[in-house]
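Several structures are given next for inspection.
Shared between the two complexes below is chain A, which has chain B as its partner in the first and chain C in the second.
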Partner chain A sequence: MNLFLQLAVNGIYAGSIFALFGLSFALIFATTKVWHFAQGAVYSGSALIVVALATTIGLLPAILAGVVFATLGGLGCQAGIYGPLRRRGASMLVIVMASLGVTIVGENLLSILFGPSQKTLLVDVGGPIIAGGIVISRAQLLAPIIAVAVVGLALFVLYRTDFGRKVQALIGDEELMQLQGIATGPIRMACVAFGSAILPIAAVMLLLSGTGVSPYIGLPVVLIGAMSLFLGGINSMLGAAIGGFLIGFVENVALYFIPSSWQAAFTYSLFLAIILVRPTGLLGRRLIQSSM
Partner chain B sequence: MATYIIGILVTVSLFAILAMSLDLLLGYTGLFTISHAAIFGIGAYGAALTMQAFGWGFLPAVGVALGASALVSAAISLPSLRVSGDYLVLASFAIQEVFYSLLVNLDGITGGSAGLHRIPQPSILGFTLTRPLDFLIAYTLIAVLIFIALSVLVRSPFGLLLKAIREDEIVPQTLGKDVVAAKVKIFVIAGCVAGLAGALYGSYYTFIDPLTFDVHASVLILSMVLIGGMGTLWGPVAGAALLIILPELLRFFPFPSEVLGNLRQIFYGLIIIGFCFLRPTGLVRAR
Partner chain C sequence: MIHRRNLLIATAFAALLGIGNSAYAQQDPIRVGVLVGTSGASGQIGNWTNRGVEIAIEELNEAAGFQRFSMFSEDSEYKAQKGLEGFNKLTNVDGIDVLITSGSAVLPTIAPLADQRELVMMNVGAQSPAMAGIGKFTFSVIQLADFDIAVMANYAFDTLDFQRGAALYISNDIGQTNVVEFERQFTQLGGEMVAIESFRASDTNYGPQVAKIAAAQPDFVYLVGDVDVAAAATRQIKALMPNVQILTYGGMESQLFLDAAGAAAEGLLYTQTDFDPSSDDPAIAAVAQRYQTRYGEDFTSPFIGYAYDAMMVVAAALDAAGETGEPLRAAIMDRRDFPGITGDVVFRDDGTVSKSVIIKGVRDGAFVLVDRVGASE
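Presenting the complex of A and B:
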């Protein structure tokens, strides 16, 4: 029983982080319609910056630097690659390939700059809390609070502000907005910026528990983000966050039954089974038109 | 030096076969998958294990490899039958990761991260390929035969149906064409060809490991098709040649060896981005 509770605690922790992955992917995918694979390089780059700077300038300034890097990285991809390609009338396929190209360049630049090996964050945040035989680390305590705050903020902006209504309109029908003379570019950029900025925050939550980061760990993050979105229901930000949480929670609780080396295969297979039976996702209402 | 050049050309012929088979899905039918390296790997592991575990000859092993890769490829087609292209991207990505995880975790069968060693070289009718030049001649010949077979295929009524599906699925459907069957068929054919490339790969290098068949390998094959020109057969061949040979040239520049691998990858990434901007239709344009 204790083991099960411990796995549940670990699951809530991973789920909180995956919820941010899901929200990040969903915000960018819904507003740009681009499979932003380069998000993986943005993620590992910002995490590596946090690790490199934390010991010299302190953890909080290092996180800020990571957030700045991620935001600029995301905006750079949109403003420098996806946007111009779209204006040239490039097909979705070409834009996806360009994103994969950026990923390859990014990963390898990071490897030259930071070295190819795993790096861990060397910051002491205090020992774990032990309650009834269950170990809860500080990171595990912090992650759900941060996740609820970030997702809550995103949903508040999306559903309770004028700007949020514009974002919803952009996701729903961009052409209609443009016909009404609303510039959609800045709205999209804001969503890309926010979606990118939350990546290093998710990364820090993982790093605080001693998880390592290397230049090549980004693509699985994109995959988790994408799975969260499709599991939750396409174009639903809340759905993506819930989808991400479920993936993280289930994949940890499953360790009660399966060895940890099978975790990834289990998660992906379960996802494939669900998406075959229920392609609209858990909260989805209708299928979107294929964009590619 | 001659051995080095022959080695590169053999690799080009193998990747030309892979890129042509992916183009059947990507260029001709408009199905974007990111799992081609997994199919390639099924062929490689299927053939190698058949030869090593059962002591079968090369040809029966190739048969097993083709069957296995056709089957898995058909399984990948399942999401594309029900839902839109975005789901296929995601599902094939997940399948690619599941396959990689299986290769690493089933170490009793696949050798885990260490891979499989001492895979027998191809032996047909008592004649065994051993010298690099033998491989080059045989594999180039196979690539040419596949090229001819596929060019007949894409010009056939079935090939036209594939292109119609690419443009708009609804149109062939209203004409009473079985779009679902056509998609499954092309996945099976593409799977067979990629599986064959896998079997040939394993028997050439006599060693395979999971990293050869990971998601980055899938991206490499995708970029060959894109850079070469989708919806053509010359295109993938040109793309394979370009992306294998160009990064090799960096070897002759005096870069420090610890970053050479990274620089080669960066160069390859920049080629992809450059093509996306300057020539999104690829080297060879579809007519």
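Presenting the complex of A and C:
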């Protein structure tokens, strides 16, 4: 087996999924300006629903159920918590703390509903393809295709449609839109819905390779999403997707040179180095000011 | 008002005469604390422990004809800080007399405090070799991992004729301790560990580590992790190395593991206390029946048995000691040898036990006895 090629295959796979995490986080953050920690609970909840239902109603309906849950979860956070807090003049820090609170409550509720332990998806998707000693699972084949399709769709809508232009305007200057009498709420909610709906799709890509899901795996996903956002460039959807891909790819390929116990330290060090050299991220044009 | 005053006077008079003191003392339950992780990834083991203590107390109270023991439980999440908080709650608020606990990260924190308070503490799940002699008042009902690991390393080298080993372990004290000990034992026998990789407790994808292990072409992978994590890792190991032998330890013996690992669990080998929950042995069958009646589930895990045995050791020693604290500790050390459903509990000077260990495995989706070679101390 060629270890480097195998790690590269793993890296493309992980990177494809991380690109979806990055896009999801960036889309919600750019349009709501909320550090959406609760995305973690939405992610793990939707993934657990897929696992729970896949063996009884089939994989595709289970994914659909996961997408519905994630969409409603994201919209619920926005409409039920962030929106009311914002209207009552809460600072961003308060909203962030509320989001963190939702995550913790959500994790515990999921633990009660699904149990605290990791679950795996027991659906047979066929054996791996072995080429030149490199093992490529079905999930590894599927993930880059799904990632390109989802990111491509998001970018097409963003840059080629009227709705997308409104989203860009919302990201750029919401007050100006409101002064022009454009209702920004529905646009924001649509972005939150799409950003949330991506999560179970990413989760399924991971689950199909034997990766487990538990109520407590959400926060690392949020962290990857946030790192992707900063690495790619704040307010750049393409940048966040590329940032996510790079994190996943580098994290895997780096193991060719370093022991796995250094994997996280290496990835974060590289991230820090890039951010120090280019604080705007790879594709970002400007930094946003903290309003906390 | 008059009635209440009369009652107070009568009570005070009775107290002066000493009437009822002995009867009250007899009926005041011994407070048993249980400090285990009932939430988090290893929550199932903690819940099994709670149930093991519950059915033991139920049996003991029935035998006594009154509530001899009462139980107070706290969730440690198997974390040191949460364990300390739980210990303080159990000792300061609930006023426990005895503690049944586990968690290799928790015990080092609370064992010195148990010594200070002269609180007898029964370890029913922490297998780190560091548990040996950890506290004067701490007794381990479960055998420690170094013995299990030596059995497994010998089995891999001598019986399975494996020369090239690899390890995949969870990056915490338990994982590191186990893998270091396994490497020491296996290399001492003449084997070689060709790849050793770790993962974080929060990781769910072990693809990169498994790829590195696969590249080293080992005969087997020694896997250390929590049940659910190990199940996911087993699936990922088998996806990349369908023919590699996976070796692990007894903590995997649960339906949760079989369900989560699926077909990838087939052929897995592990060490386990020589204990069969479905045995015809009357003592085991009675406990299994009580468990089934109370919880509507089969008695499957030895962790239920360890907890049950620990409670029975406490009760038997209390019969001799008459009170908790130092007399109870001394009674345990004086007697040392207690019967148990997970095997006889024979305490060494350092509070640990020796029990027979066997090789078990997964065959046709079930846990079965594989070998008894070199399996007892």
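By definition in this document, the second predicted complex is superposed on the first by the 291 of 292 C-alpha atoms of A that agree within 3 Å, B and C clash if a C-alpha of one lies under 4 Å from a C-alpha of the other, contacts with A are read in each partner's own complex, and residues count from 1 in each chain.
Here, a contact is a pair of C-beta atoms (placed from the backbone, for glycine too) under 8 Å apart; a residue touches a chain by one contact, two chains touch by 3 or more.
Quick caveat, the model's predicted, so the values are computed rather than measured.
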Open item on the list: Taking the superposition on A as described, I'd like to know which of chain B and chain C A:V105 touches: first, second, both or neither.
Closed with: first
- [ ] Please indicate which partner A:F163 is in contact with in the superposed arrangement: first for chain B, second for chain C, both, or neither.
- [x] neither
TODO: State whether chain B or chain C is in contact with more residues of chain A in the superposed arrangement.
DONE: B
Open item on the list: According to the stated criteria, A:L93 is in contact with first (chain B), second (chain C), both, or neither; which is it?
Closed with: first
Open item on the list: Which partner chains sit in contact with A:A226 here, chain B, chain C, both or neither? Use first/second/both/neither.
Closed with: first
Task: Touching partner for A:N252 - first (chain B), second (chain C), both, neither - done: second
- [ ] Residue by residue on chain A, keep only those touching chain B in one complex and chain C in the other, then list them.
- [x] 108, 111, 220, 261, 264
Task: chain A - residues contacting chain B, complex - done: 35, 81, 84-85, 88, 90-91, 93-98, 100-109, 111-112, 219-220, 223, 226-227, 230, 234, 261-262, 264-265, 268-269, 271-272, 275-276, 279, 287-292
Open item on the list: Residue numbers of chain B touching chain A in their complex, please.
Closed with: 26, 32, 78-79, 82-87, 89-91, 93-95, 97-98, 101-102, 104-105, 215-216, 219, 222-223, 226, 230, 259, 262-263, 265-266, 268-273, 276-277, 280
Task: In the complex, chain C residues that touch chain A - done: 39-44, 171, 197-200, 202, 204-205, 207-209, 211-212, 214-215, 217, 226-229, 231-232, 235-236, 239-240, 256, 259-262, 264
Task: Interfacial residue positions of chain A with respect to chain C in the complex - done: 1, 3, 6-7, 10, 13-14, 108, 111, 115-120, 122, 128, 135, 137, 206, 209-214, 216-217, 220, 251-252, 255, 259-261, 263-264
